[in-house]
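Below are two complexes that have chain A in common, paired first with chain B and then with chain C.
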Partner chain A sequence: MSDVFNLLLLQNTLRTATPVVLCALGCLMTERVGIMNIGVEGMMLMGAFFAVLGSYLYGSWVMGIVFVIVLGILLGLFYYLFSIKFRSDEFVIGVAINILAGGLTVFLLRTLFGVKGSFSGPGIVPLPTLHFTWLESIPVLGTILSGNTLLVYVSWVLVILCWLLLYKTPLGFHLRASGEAPEALRAAGKNPDRMKMLASVLCGIMASLSGAHLSLGYLTMFSENMSASRGFVAVACVIFGGGNPPRVFLAALLFGFIDALGLRMQKYIPADITAMAPYVVTVVMMVVVVLMKRRKKRQPQEGR
Partner chain B sequence: MSRLRILPALKALIAIKPKQKLTAQYLLSLFIAIVLAFLVGAGIMLLCGYDPIECYAALFRGALGKPRAFGNTLAKTATLCLTGLAMSVAAKAGIFNVGGEGQLYFGGLAAAVVGARLAGAPAWVIVVCALLAAVFAGGLYAWVPGILKVKLKVNEVVTTILLNSAAIYFCSYLTNGPLKTAERGISSGTDSIAVSFSPIIRLSNLNGSIWIAFAAALIIWYLMTRSTAGFEMKITGANERFAKYGGIRADRLMIAGMVISGMLCGLVGMIEVFGIHKRFITNLSAGYYFDGMLVAMIMRYQPFGVIVMSFFFAILTIGGSAMELSAGISGEVILIVQAVIIFFMAAEGGIRQSLRVWSAKRRVKRTHAKEAGV
Partner chain C sequence: MTENAPIVRFEHVSVRFPSALANDDVSLAIRRGEAFALVGENGAGKTTLMNVLYGLVRPALGTVIIKGEKISQRHDPMRAIAMGVGMVHQHFKLVPSFTVAQNIALGSEPVKNLVFYDQKRLNREVLALSKRFGLPVNPGDVVDDLSVGLQQRVEILKALHRGADILVLDEPTAVLSPAETDELFEVLRSIVREQSMTVILITHKLHEVMQFSDRVGVMKQGRLVGIVNTSETDEKQLAAMMVGRELLFRDLRAGEPSDREVLTISGLRAMDDRGLEAVKGIDLKLHAGEIVGVCGVEGNGQTELTECIMGIRPQTGGTVTLNGRNISRLKPREIRGMGVSFIPSDRMRTGLSAEATVMENMLVGKQRQTEFRRFGVQFRKRRATSYAKALSEQFDVRSGGVDLPMKSLSGGNMQKAIIAREFSFDTPVLIINQPTRGVDIGAIEFIHEKILQKRAAGCAILLVSADLDELFRLSDRLVTLYEGRLTGSFVNGEITRQEISYYMTGGRQEVRA
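Moving on to the complex of A and B:
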């Protein structure tokens, strides 16, 4: 079993967790302004496609990321327009975005690249891998932390930035207020809808970036439905991370660990079972979190 | 007693709630949305260098032109209708079942196993037993997220979505492992079933199972619109607290809605197995439940509307793949058209109001300008 439990497992964990981390951060933004955006799954899928498209057309990963960010902003504005401005059911809009993403990516894949199923090739330039010599000199941490693709590090920075934004800045305070007490925010002279727009644009960008990591970082290809419910797992992570960036990050890491473990256990356990594990564990975790919260509530509170 | 007195009041309350009914205005909006969506589709076709009129003609010809095509469209209607009703039953009870895909897989698998194991028994015994097994498996798999929602308040949308993936992988494991058929030439599937429905129209997917689907749809329609349980579900979905006040056990109804929804999905799985594939295969459904879900959302979970809309969406789906063959354009363009319809219909109220505000503002501006001119 030493071929399963080694340092590479931890490095793989970081890699498989990253799309979920990025997507969950995006989803967390909308969650804090009071919208549960299950459309992140579709946003991730579209991000994955447009990253490949940009990278392929211009022969540089930078253009891939630029494509994805523009796409993310547009998707965020679109989501805002429909779910806030037109006050439609956020759940219906989320599902519709997922359907649109499934249709649009396959349609464009066939029309632009003329292929079915998946597109890969030497024309796609992947994200760069970063090596830190000072980090690599540390024996264990070096192998795990160094040599990952760009977006892995970006996702860690974003976790901290999101936390700072939400809890340490006036803007973050207003963001949270627009979800928890929109009337109070309005009374304070701020427009809650503005905050919700900002949140959904941030969500669009981060969810699309998570797709870019899938198609340019984790793999160098696009295949139909390659997001494979990771967006939904991200939504679950936000729920049991309680909307707090570091906790959501840990939840996503747990998912990544099980995913990576499953990939490496395929020699011993049927592949279908290992593929199933992350979803089952996520559901079980959601139940466990609720049960734990209940127990906490039941305990007599001292000092009152 | 108190419950009886409150019911008329509740009925009035529901009548006021605008989102519950399919008004003439809503249907008009739906018509406009469909036209707009078709225009969006035409725009995409033009951009890609195809003739939209030719494409759409190919679509309708491909769905309705030949008896065989029409049979396929009707069979698709049955699937969409059952999945759409499954979504509606749960949504009306105030709980969202997004996990129909998983329930469908388990239902199909249960039906296939029973159908193969009972070989030698009279045909009707096999069909009835397989039906019961499918309905039980689907219902059971829906009961889990239902009970989690009611007892622990675990978000059912997320759990059902995740359970979809879990079920699909688990069924794939079973069909590639313990339940794999020994037959040659079948890469991943269970043993073939002993009886199956024969096609009503030659070479089409339309088969005897349509009657089962018809009966199920009728039962659900009755349940939702004509029975006490349906009425209680409607109230629970509209306002849970009010329903509790009226003496309705909302949590029980939610679970019931979820389980019935799962049973319907299980039934769809059985129909797929018995009507088309004759065995359980790993890719039993290509997102059939999600298609049905969309139909249900567009028609605001109204059973009759779902049935009519299913036919329209079946034309789009069956015609879409025919269009791909004859006109050359990728059939996924139809998915985009469908998504556009949903966007417009979900935002229907908001768009209408925005338009009204906009035109009022313009009117005010114009009067101001006139007054200033005078």
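Moving on to the complex of A and C:
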């Protein structure tokens, strides 16, 4: 089994976890302002497509990222407009985005590229791989941490930035207050809806970027439904991590580890079974969350 | 500005709500540095008037002048705060997971290094503020862990932090224990005296008016019906002004309770919804023709105790005996059938079905009776309707018709509907939890008379209430409940409010009542 359990497994863990990390950070932003955006799945899928489109049209990965960020802002505004401004149901809008993404990407794949199923080719410029010589000199860590694609590192930085934003800045306080006690924020003369808009746009950008990692980092192609429910796993990670960026990051890493492990176990176990592993883990994670909550509830609360 | 010049002037303010005129041509001047009380029944327009001041409601006619400056057309809370108006709402507007300091500064956090929030500076500021006004708090405490009284203190500090010198408190004592209430008024009085703040208190409790205010304005049906100096009036006169007629509050407690034991509770134990023990071994006896009042700050096991007696909540220990028969293991319906009626504290969730009609709500419990069934199956609607109408009349339930949904009634009328239903069973035992919460003073008088009539008819009544006035007025015996245990048992008339408060908040004296 040494061909399964080796350093490459850990490296793969980081790579497979990255889209979930990015997507979960986006979802976390909306969770903190009191909305559960399950549309992140569709946002990821559209992000994957538009990253390829931008990269292919301009022959530059930078343009791929620019496309994705513009898309993310638009999707965030769309979600805000319908679920907050027009007070529609947040789940229905999320589902709508997911269905839209599935159809739209297939449609555009055919009309723009004239292909079915997937699009790949030398015209797509992937994200650069970053090598840090100072890091590579460290024996084990170097192999794992260096030589990943750009968005892997971006996702780590974003974990820290999101945490700083939420817990160390006034803006973060207002974001959290808008979800937890919007009336308190309103009484303080701030508009909670504006905070929700900001969170929604940040969510759109990060969820779309997670798609870019799939199609320009992890692979260099777009295929139908390539997000493969990673968006939903991200939602589960947000709940598992209790809306705290570092904990959500760890939850996503756990998912990435299981995913990577499953891929490498295919030699021994049928692929259809190993492909189930991440989702089984997700279900187990959710059960654990419920059990933990129940225990917390039972603890006597002093001083009330 | 002279000492007694008005700091706030309402000039012919009218506010129209879709259903009614909430404020009708109100003119009122409040002086700088006075403690002003605004009283009136529910729906009299007190809160609406203050919401105009705070910019939450825009008047249809008239204007408000704050410190010589007219409020603008676009007056809102931000502007009101800037003009020095602070408001503490009935429902706190706090973020539970934030600390005291973070809540106080929400919206105006101090910043260091351009973007980061400066916790040290903020905590210093909050400590200084709390010292200056004599409102001690610990800035680092998380609000969710604080008692209600402390949370209210945070709300007051929040207003003061923003530089308020006109402080409005909307029914601040509804959630407080008597001791906390006394402390609050003491602090408010000292703020008025020493910091020359203007404090406006909205309330419907008259003894609070007497305790707190320099002057009092009385509102009734949207109008200001009078302003008097507190020193020149009394509770009776104020009540008459509020209701528009002389209230009687006759002492109907004629006759002594008998010695016949009807309901006996011994060693009763039960859990709350979180699975923690909420009732920790209660012994209590109810005699025929007796009202036993349970005093306690809410959340000390009152609801669990009453639900346990009714069989709604499983008992984890002890017994309940009715006329010598153990009813501990019976179902609610069987217990009711044996002669116990129940008025729960939460009328919207437990007491009534808001969507069902007034008639259906009043009939619940009797729908199986042959009187309302033809051949045992078909429901006799006409008969049920006329029954509900008669019952409504008897208990003064004012509705637009008994076929309208319950939710269309006012709180007081809903409560009267529950009482009508439960009292109509003519059971020898009544378990009553919070009979007059959120009910206006006219209806309170009515409900109290009905309860006392039941006592005169020989019922054994367990009365749970958060309102000490009510308990003192109605009860023969008073017991204090603290953290699921009875801490005292007293004959009404042999104990004062202060003494009761002491036992309600943990002063120990294990008893068998």
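Definition applied: the second predicted complex is superposed on the first by the 294 of 304 C-alpha atoms of A that agree within 3 Å, B and C clash if a C-alpha of one lies under 4 Å from a C-alpha of the other, contacts with A are read in each partner's own complex, and residues count from 1 in each chain.
Operating definition for what follows: contacts are C-beta pairs under 8 Å (C-beta built on N, C-alpha and C of every residue); 3 or more make two chains touch, one makes a residue touch a chain.
Because the structure is a prediction, the values reported are computed rather than measured.
So, does A:Leu57 touch the first partner chain B, the second partner chain C, both, or neither?
So A:Leu57 meets neither chain B nor chain C here.
Name the contact category of A:Leu7: first (chain B only), second (chain C only), both, or neither.
Neither chain B nor chain C is touched by A:Leu7.
Contact-wise, after the overlay, does A:Leu141 reach chain B, chain C, both or neither (first, second, both, neither)?
It touches nothing on chain B or chain C.
Now for A:Val95: first (chain B), second (chain C), both, or neither, which partner does it touch?
first
Between chain B and chain C, whom does A:Tyr279 touch in the aligned arrangement: first, second, both, or neither?
It touches chain B, and chain C stays clear.
Give one of first, second, both or neither to describe whether A:Val288 is in contact with chain B, with chain C, with both, or with none.
A:Val288: touches no partner chain.
For A:Leu130, select first, second, both or neither according to whether it touches chain B, chain C, the two together, or no partner.
Touch status of A:Leu130: no partner.
Is A:Lys190 contacted by the first partner chain B, the second partner chain C, both or neither?
It touches chain C, and chain B stays clear.
On chain A, which partner's contacts cover more residues, chain B's or chain C's?
Of chain B and chain C, B contacts more residues of chain A.
Tell me, which parts of chain A touch chain C in their complex?
Where chain A meets chain C, its residues are 164, 168-171, 173-174, 176-177, 180-181, 183-190, 297-298, 300-304.
Looking at the complex, which residues from chain B come into contact with chain A?
44, 48, 96, 98, 148, 152-155, 157-159, 161-166, 169-170, 172-173, 176-177, 287, 290, 293-294, 297, 330, 332-336, 338-340, 342-343, 346-351, 354
Along chain C, where are the residues that touch chain A in the complex?
Residues 77-78, 81, 89, 91, 93-98, 102-103, 106-109, 111, 115-117, 145-147, 274-276, 299.
In the complex formed with chain B, which residues of chain A make contact?
The contact residues of chain A facing chain B are 36, 38, 82, 85-89, 91-93, 95-97, 99-100, 102-104, 106-107, 110-111, 228-229, 232-233, 235-236, 239, 270, 272-273, 275-276, 279-280, 282-283, 286-287, 290-291, 294.
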